[in-house]
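Both complexes below contain chain A, partnered by chain B and then by chain C.
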Partner chain A sequence: MLGILIKKEITETMLDLRFWVVTALFLILIPLGMYVSRKDYERRLANYQQEQQMYRQHYGKDVGPYVEAQGFRPPSLLSIFALGLDPFMPDKAITSRSGLVRAAKEPGIDNPESLLFGKADYLFNVSFIVSLAALIFTFNRISGEREKGTLRLMISGSIRRGEILLAKIVGNYLVLLVPFVIAFLAALIILNASSVISVWSSGLWPALLVIIIVTLLLILVMVSLGICVSTLTYGSIASIMMLFLVWIIAVLGIPKISPMIAEAVYPIESRKVVDLAARIAREDIEGEFNKKKEELFEKCCTEFGTTWEDIAVEPRTDAEKQAYAKYDREVLALDSECQKRVADAIRKLEQDYRNRRNVQASLAVNLSRISPVSCCTYLVSGLCGTGPDEPDRFIWNAERYQEQVKAAIYDNWVVKTYRMGEPLPNIRVRQTEGFDQSKASVPEMKYEYTPIAEVLRAGWVDILLLFVFNILFFAVAFWRFNNYDVR
Partner chain B sequence: MLSAIISRECLSNILNLRFIVGLVLCVIISVACVMILTHDYQQEMADYNLRVNLQDEFLSKYAHRNRIGGMITSQKPPERFRPLIIGIPREANLGSFDDNPLPVLFPPLDFLFIVTIIMSLLAMLFSYDAITGERQRGTLRLVISNSIPRAKILLAKFIGGTASLLIPFILSLLAGALYISINPAIQWDGSAWAEFSLLIAASVTFISLFYLLGLMVSTFSRYSSTSILTCLFLWVLLILVIPNMCPFISAQLYRIPSINKIERQVEHLLDTERDELGRKFSREVLKKFATQYGVIYSEFESLEFGGLWGRCSPENRKATQQRAAADPEFKAMVDAFREQINQAWTKANRIQREKAEKISHDRDTKVAAQNKIAKNLTCISPCANFIYVATDLTGTGLRSFDYFDWLDGEYGKMFWPYLQRKVQDAMKKDPTFETNSFLDISDRPRFVFKEEPLRDKLDAVLPYWGILVLFNVVFFVAAFAGFMRYDVR
Partner chain C sequence: MIEINELTKRYEDGVLALDHVSYAVAPGEIFCLLGANGAGKTTTINILLDFIPPTSGSATINEHDCNKFPLEAKKYVSYVSENVQLYGMFTARQNLAFFAELAGKTGLKKKDYDDVMRTVGLPEKALRMRLKHFSKGMRQKLGIAIALLKDPPAILMDEPTSGLDPTSAQEFLAQLRRLRERGKAILMTTHDIFRAKLIADRVGIMKQGRLVAIRKKQDFKHADLEEIYMHEMQAAETI
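Moving on, here comes the complex of A and B:
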């Protein structure tokens, strides 16, 4: 009986105008969105390759003691599917001798109009269009049949209500999958037509498979929700109003309002304020230690019968050599204390800021998980390397690159500062033994996006919630349908 | 008769479930939005004040000549319409990526969202069965059989429907406006309230457009189910698809060199090439001085030019100063040398800057052309037109970036000559003044942000507003044409 009911649902739905309207929508939007995203990715990739090439050409051999090496972040291949945070992520990490690496983004945006209107990628199509289509398919499956009078005929045929409900969900789900799968395959063909992307590459397939599964799960959730909405109303007009309310709240309202509530409940200062405060703290500490170092140098010069104004950069007399030697020994402690204090001060500011930001983000994420679309968005954007965890991932990559450059360049230079600023600076720089400046080059940053296993480990709550939503909506629909007046 | 039909339409809409749902949704979301965004606005204002104070503090302690340029960035206060419209973050292109990333993934709710998504959907849900529903119920043929002109019926449906639809919208706006007016943190002057009134007028134009669209679809359909599906299909196209796709499509239709490539070219011109040119001009100065001053020039050269050209040891720098103090002829040559070297570098800077400006100008022209194509394409969608009107009117859109850049440029015209004068005064007082020396700029001119005049904003938004009015006219005419031939049985 279930099979017959499912077949009936499939036939009925495919003969409905809605099926053709939704098919047209999917066949236009999903491949077009993929084409636009593919072109956008190709442009970003070309920019990245150009930047890296120009940098290596002009600055690749600059391995001096104060070099600020630049490591570039390649665009994520899967960002074609979900642009997410990619336009706002830094393009490069810049190292420094002091040990602090900073992020930088090229100024300007190539397409500012897109900021006004939003994205046109796969995730957008699934979150908005496919979810709306699922609700349009199903919103009056129960209430509409009741109005037509066919529902009471079915019930009077001693068919179990649970079977009817299940048949409606399965039948409509299978029908909705047809245009989606055709459109998706067309999109993959368009993607594969690119010279820089291969759909069969090992970097793409595993994540793509998981994205497809998550999408199918979301579609099932929305179909169940649509059927559930239908069991809550007795007429098509009421159903459509309820559909409208549910879609606005679930797809648009909750995900958007959650970060706002989190910001209102747990406000934090912006990144710019933290950066400014860090800069001032650093300047204050370094200023204090530069003064101490100058005093130490003065003391050493005086001890050996010379003055800091007269002493040469390269010591000539024994007294000058002894003064430098004593300063070299005693300044190490000051240097290391200065670096430690700067690093501690900045780390504290950063850590405070990050902790508070994480609390705020966590609050927003947990609030938004009331909507199944949010769960899908976190999973898909996480798999595509454009999710909420990517900023931290960038920092991890940047710090790793800093260590790499430190080992390859900074540790091969010894820099001693005897006097800063007025009247004349006195800084000595020399290479360590075995370091050949002419043969060395700036290392490249090997950027690693979050692996799939880690994304799934972090996103298990979202996967679980998608299953829970399915069960919840089915349970509510089942309970409601069992009390539904079919007359 | 017209008023009777209008009041009948109003009453039937108000007594419908749709009205209750719309009212509840509008009022709750609007009030929640305004409260949350006002709170955000206060936070941003506090953040802005903190940044300005920190910048002042930094400059009061560490305004070394070579750092001032990097620290003198004009700070933009949060837009005064921020409690209503979020707009585009100023730092969208500067990667404040370490802030909360969720608002990037899910752009927040604001007035634009309420109008473009909620009100437009509500308008279509009010109107999709205005004709088909009456036909299915059988009341339409009863009305027509009373010799009422069809045009009057259509007009009455439009006026009555739009009026009942605007009730929840106006109520929610009034609640929001009341909250803003009593909040001491938001100080709106006359021009702000004028802009607000214009914003409401634009919103009414937009909402009535979608009501007419639903009405038009209803006059071309036989059944309400067909009508609603067509309406939703058109809504998805006009609100979600066209505005989102068009910027990317225009980027493909009219390609421009990437901003990164241009920045690199400009950087190369102003850095490497400029240095080469500066060195070339400087070598010409050296040749000229060698010929002109002979022996004392050779002495000066042996002292590594006192650090005025190329590297110089501290001893030689000191020796140069001592020699200049003792020998007036030597001092005159050093002063002339300094001036001519500065001129050589100024000339090199000017030539390279002109080249860089030409490249940037070319790119800006191409970007403007691409933006124009994108705007023209997106004008197919009424949503895009309304967003341009609303954001440009309230100073929260792309236009506000250009205006801020212009204001910044005007401030630069005041600040850089001031800095130049300060440096020259400092050099006169202390000949050893150099790039790492501290400069007291506490009396510098400060950047003050001023709102763009309403007249200029209106000039910019009128074309898009005109398109919205045109859409209204087109949809009404189409609905009229459809209804004239409509079979009411």
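Moving on, here comes the complex of A and C:
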């Protein structure tokens, strides 16, 4: 019985004009979106390679004690599918001797219009076009049949209403998959035609598989939602109005309003304020230690019978040399303590900010998860390395790079500050033993995007929610349809 | 075959659509329900098809309660509505095949479809036509064809002659006679007293949810059924 009903749904839908319009739309938009995204990725990859090469050629041997090494973030291969936060992500990490690494993004946008209107990548096509198509396919499958009178005739037979409902979901789902799968395969062929991308590469296909599964789940959710909408109304006009209301709320409303609600409910200061607070904290601590160094310097000079004002840059007398030697030994502890306190203070500020930002982000994410489109967006963008967790991932990579540069360069230089204040501090720099500056080079940043397993571990709730949405919409539709007035 | 026993239906808004109605339709009998709009004729059919539940009383088809065991009961019945609506984008054959398969009649051959089309007076070439090109009369005939293919012992018809031209209506009546000869129990609601007189074995006259009278063929065969109908309606008014 179910097979007969599914066959009828498939035949009926394929004879409908909507099927051909949707097929044409999918066949144009999905491959075209993939082509444009591929080109965009190739351009970003070329820019990354060129920038890194130029940097290495011109500054790769600059391994001085105060060098600010630059580590470049390569574009994520999977960002072809979901550009996500990529345009807003820092391009490079810049290290410093103080232990603080900062992110940098070149000012200016190459193509501002594309950001203004959003890019038609795979995720956009799935979230907006495919989800709308699923609702358009299904919104009047029950109410429309009631309106035509065919539902009455069908239910006059010995058929369970649940079977009719299930057939409508399965039939419409299968029919919608036909143009989607064809368009997706065409898109993959376009992707594979690139000289720098292989669909079968180990970095691509496992994530691609998960993306396909998530997409298929989302389509099923939207089909179930469409059928559910159809059981809530008694005519096509009412159904289409409800369809647009539901679509606007699910696709445009909830994902956009949730972060705004989170900001209003749990406001936090901006990144600039935190950066300024960190700078002030560093200057305060360094000022405090500069005074201590001056006092130490004065104490050393007094101990050996010389006054600090008389000391020139280079010690000349025995007293000066002895004073310098003592200071040289004792200032190391102060420098080390100063660095530790600066690092601790900044780390605390950063951690506080990150904790509060995480609370706000969690609130926004959890609120927006009311919409199945948001669940899909979080998962797919996470897999593509362009999701909301990626800024933290960048910081993790940048801090790792800072450690790498510290071990390769900064630790090979001993820097001592002898005299503070005006006109200039008196700083002595020397290399550690065994460090050959001519052979050393600036290390390259090995950027690691979040592995699939980690994304799935963090995103299991989204997968679960997609299943829950399916069950929920089917349950509501089932309950409604069993009480549906077919007269 | 079809039994209505003290059937009552009161809608949520308080309207009493059926008031303790009882009658039965035997195999090989055509029972016509007559009455004005809102008399409760269609409500009876809606309860028999489990579109709505009764408030009290029972309706059975082949001894299966339509409310308690609707799937069982509906195995023995076909339904022809006032305005047969089928799938417009399907051909006649696709429509026939779909509804026949739903009734468990699988594996039908071209000859079966040709035969049923001939029986209801539709040309065989109409099998390949899409339903959206069918006239109302053709759709009604196809509705009968579906009922024939399903071949159940009981048939429910809700105003089936409404909107049919005289020729189509005549053909339709001829079809009903053939069904009766095949032993089908037919319950038909209608406003058409003239055709009810021609075809019915018994008529039931309904007013405001009550079955005010049942008349056998011999009561109206040589009398004016319209006069009987009006008389019963007036008599019901005075009660």
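FYI, the second predicted complex is superposed on the first by the 473 of 487 C-alpha atoms of A that agree within 3 Å, B and C clash if a C-alpha of one lies under 4 Å from a C-alpha of the other, contacts with A are read in each partner's own complex, and residues count from 1 in each chain.
Quick note on the criterion: a contact is a pair of C-beta atoms (placed from the backbone, for glycine too) under 8 Å apart; a residue touches a chain by one contact, two chains touch by 3 or more.
The model shown is predicted, which means the values in this text are computed figures rather than measured ones.
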Which of the two partners, first being chain B and second being chain C, lies in contact with A:479: first, second, both, or neither?
-> neither
Compare chain B and chain C by how many residues of chain A each one touches, and report the one with more.
-> B
For A:40, is the partner it touches chain B (first), chain C (second), both, or none of the two (neither)?
-> first
Thinking of the overlay built on chain A, is A:396 touched by chain B (first), by chain C (second), by both, or by neither?
-> neither
If you stack the two complexes on chain A, which partner ends up touching A:261: first (chain B), second (chain C), both, or neither?
-> first
Touching A:150, do we find chain B (first), chain C (second), both, or neither?
-> second
Does the superposition put A:11 against chain B (first), chain C (second), both, or neither?
-> second
Return first, second, both or neither, reflecting whether A:460 touches chain B, chain C, both chains, or no partner chain.
-> neither
Tell me, which parts of chain A touch chain C in their complex?
-> 1, 4-5, 8, 11-12, 15-16, 148-150, 152-160, 485-487
Inside the complex, what are the residues of chain B that reach chain A?
-> 17-18, 21, 25, 29, 32-33, 35-37, 39-40, 43, 47, 50-51, 54-55, 57-58, 61-62, 88, 91-109, 113, 117-118, 121-122, 125, 129, 224-226, 228-230, 232-233, 236, 240-241, 243-252, 256, 258-261, 263-264, 268, 272, 313-315, 317-318, 371, 374-375, 378, 384, 387-388, 391, 397-398, 401, 432, 436-437
Contact footprint of chain A on chain C as seen in their complex | 46, 49-52, 71-72, 74-75, 77-79, 81, 83-90, 94, 98-99, 101-103, 143, 146, 150, 156
Touching residues on chain A, where the partner in the complex is chain B | 17-18, 21, 24-25, 28-29, 32-33, 36, 39-40, 43, 46-47, 50-51, 54, 58, 84-85, 87-91, 103-120, 124, 128-129, 132, 136, 236-238, 240-241, 244-245, 248, 252-253, 255-264, 267-273, 276-277, 279-280, 283-284, 312-313, 353-354, 357, 360-361, 364-365, 368, 374, 377, 381, 387-388, 390-391, 394-395, 421-426
